[in-house]
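Shared chain: chain A. Partners: chain B in the first complex, chain C in the second.
And now, the complex of A and B:
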């Protein structure tokens, strides 16, 4: 089972929930954490994995052999991302804008474009206290997160309960991360910002046809509109984590919640059970 | 006219509350929300929308099943595995158009995407340009570029001194798009280990693109050790820490009331520190 932990709004406690869930489940399950928030991966701060393997992620970008190029301009015409331009007797490539689709090299009538790998990030693997750990790290200055996310997802394995940390927002990196998961936990906070972004996140997972449930973090801090929204939309509110200086202080020091406050372990074990029920009910009732 | 972009790397550090307060403190400016996939600034500024524009960007492949002879070439060449059983999955298609160029029977056409909307609104603090990326859309970077362009045009017309821009979280495509050509980046962080980690990455991004950065530590008193660590790190990097905002529940209360905190609680320490912060920014850029 793959459980994605997403949030719409950033900083609501995604990392707190993902790591607590993983640490609570690890005694009864084979657990894998996949940190797909490749722009700002944070799970490693809490889980402190020993990284044993690093694999670079490449994007294939064109290189033109200008000796043989006739400057016909085909490559520039077919590139949908303006990543290659022919100006007078020169071909310019803008690697940051290239999606690595391969159109230009394939369609070049002179066959003078080759593709060279350009490193855009790295996938790191290791172990954290019995948890299998995978994270993607986007290289500074690179724009394209999805290829790094896809690489992390390649390590998915049915033997594991996979907890996948997703970047904030609702755009392409979020969709890429959530795609293919069985359930999406949405972590929010009870403020107008939290609600506004939660509604967008719910629309996103609905678009993908994935069941979701909600965790309210810092419960008590704002108003009750998030809880009202859950009731109205019929989305299960699975867990409330109260606003607490103890929890915030543990987090700020990088100490796992379930280590500092072991009483929380049961709540997360129960959370997983609820998720499992929702998923299996849905699988036996797929039209819903 | 000078553009100041507020970034944070990590989400939820208080970026939008800082921008909302600058909306009150800074005179003669245009506001722009570059966090186009989870825009929140409008919730503080109570805008009245004057202009509502469609944003078309990017394309998606569509296969005409009447023309398709099921040769399978497109499925083989699509690097994004977007074509299965001679159908395109729009959520996977990146719109590169490769398939449409190679289809022997011309069964594939590229259709434009309505990626979102952008708005020009009036607020009592000045004009606000904001946007809404459609769910699950790509091209957030391009929409950011669009709202910034609109904001610049308004600023030129009105002879504004500043553009204040609420940036997106992260360090990827929309962040890069919101940084280019800005005068300065103001980075809002918090003293947690993840806050520090993400700050380091966003400082590197600013350096990579040659944009000077300044740091505001929000909730600095929730973990003083970490705050000192941020200060030491910034000093080594040659980045000024220009504000240390204490933790105070008035910040959340202000959000619940839909108001900038400096207006909701003008006497609070938070407000005092935000005022100082703006004086420090002014010192730096003038």
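And now, the complex of A and C:
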């Protein structure tokens, strides 16, 4: 089973939930953590894995042989991502914008574009105290997260309960990460901002046809609007984590919640059980 | 000589749009005759690379300078390859901006003045 942990906005406690869930489950399950928040992977701070394996990730970007280029402008016109500009007698390639689709080299009438692999990030693998750990790290300055995320996802394996940490927001890296998971946990704060971003995240997840449930972090800081929304939309509210200086202080020192406050372990084990029930109910009743 | 100014509206009385790649319109104006044309910026809603596409479009208009509130690194690179001067930090009403330009009140920037993605998400 693959459980994605996402949030509409950053800083809502996604890392707290993902790592607590993994650490609580590891005694009864084979657990794998996949940190797909490749711009800022954080789970390693809490889980402290020993990395044993590093694999670079490449994107194919165009290189133009300007000696033979006629500056016809076809490449710039066909690039859907505006990664090439042809200006006077110059072809400018912006590798950070390039999605590696190959359209430019395919359609260049002079056949003077070659595709050059460019390293955009790395996938690191290792172990953290019985948990199998995989994270993607996008090189600073690079913008193409999806190829790195896809590489992380290649390590998915049915033998494991996979906890997948997804970057905040609703952009394409988020969609790429959530795709293929059995369930998506959405972590939010009970504030107007939290709710606003949560609604967008719920829409994204629903569009992908993946069941979701909510975890409210720092419960007590805001109002009851998030809870009301869950009731109205029929989305299960699975866990409340209260605003607590003890939790915040553990987190800031990099100590896992379920180690500093072991009483939380049962809540996360129960959370996984609820998720499993929702997923199996849905699988036996596919009309959704 | 023609210049292009990023604009929120289609007339000389409109305000400068602070964004370059995602501005609503460009006012392309001949500084001698004050004849102008309002150009729709089809790239305002582009998913990515709006600055690059917009810079290419403007380069095709044969202007000597682009005036805007802000210009990011990719757009700046395209414009400078096209030998177009970039003047950023510009605000106010279009016709005053043209007047100031004619009086030599602006200095061309020699680098982009904002990081990428500046105009994204602004409405």
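Heads up, the rule we're going with is that the second predicted complex is superposed on the first by the 288 of 288 C-alpha atoms of A that agree within 3 Å, B and C clash if a C-alpha of one lies under 4 Å from a C-alpha of the other, contacts with A are read in each partner's own complex, and residues count from 1 in each chain.
As a working rule, contacts are C-beta pairs under 8 Å (C-beta built on N, C-alpha and C of every residue); 3 or more make two chains touch, one makes a residue touch a chain.
Fair warning: this is a prediction, and the values are worked out from it, not measured in the lab.
Asker: Given the superposition on chain A, are chain B and chain C in a clash or a fit?
Answerer: Partners clash after overlay.
Asker: Based on the superposed arrangement, let me know which partner A:208 touches: chain B (first), chain C (second), both, or neither?
Answerer: Once the two structures are laid over each other on A, A:208 reaches chain B alone.
Asker: After the superposition on A, what does A:142 contact: first (chain B), second (chain C), both or neither?
Answerer: first
Asker: For A:175, using the defined touch cut-off, is the partner it touches chain B, chain C, both, or neither? Pick first, second, both or neither.
Answerer: The first partner, chain B, only.
Asker: Return first, second, both or neither, reflecting whether A:15 touches chain B, chain C, both chains, or no partner chain.
Answerer: In the superposed model, A:15 contacts chain B only, not chain C.
Asker: I'd like to know which partner A:167 touches here: chain B for first, chain C for second, both or neither.
Answerer: After superposing on A, A:167 lies in contact with chain B but is clear of chain C.
Asker: A:132 contacts which: chain B (first), chain C (second), both, neither?
Answerer: neither
Asker: Which chain, chain B or chain C, ends up touching more residues of chain A in the combined arrangement?
Answerer: Of chain B and chain C, more residues of chain A lie in contact with B.
Asker: Examine A:34 and indicate which partner it touches, taking first as chain B and second as chain C; both and neither are also allowed.
Answerer: neither
Asker: Name the contact category of A:81: first (chain B only), second (chain C only), both, or neither.
Answerer: After superposing on A, A:81 lies in contact with both chain B and chain C.
Asker: Of the residues on chain A, which ones does chain B touch that chain C also touches?
Answerer: The answer is residues 81, 143 of chain A.
Asker: Which positions of chain A touch chain C when the two form their complex?
Answerer: It is residues 76, 81-83, 85-88, 90, 92, 94, 97, 143 of chain A that touch chain C.
Asker: Given the complex with chain B, which residues does chain A contribute to the contact?
Answerer: Within the complex, chain A touches chain B at residues 7-12, 15, 39-40, 42, 45, 78, 80-81, 96, 99-103, 106-107, 138, 140-145, 167-175, 179, 189, 191-193, 196-197, 200, 203-204, 207-208, 221-223, 245, 248-249, 251-254.
Asker: Which residues, counting only chain B, touch chain A once they are in their complex?
Answerer: Listed in rising order, the residues of chain B that touch chain A are 8-13, 16, 37-38, 40, 43, 58-59, 77, 79-80, 91-92, 94-98, 101-102, 110, 133, 135-138, 140-141, 168-176, 190-195, 197-198, 201, 204-205, 208-209, 222-223, 226, 249, 252, 255-256, 258.
Asker: If we count contacts the way the header does, which residues on chain C are in touch with chain A in the complex?
Answerer: Listed in rising order, the residues of chain C that touch chain A are 43, 46-50, 52-53, 55-56, 59, 74, 77-78, 81-83.
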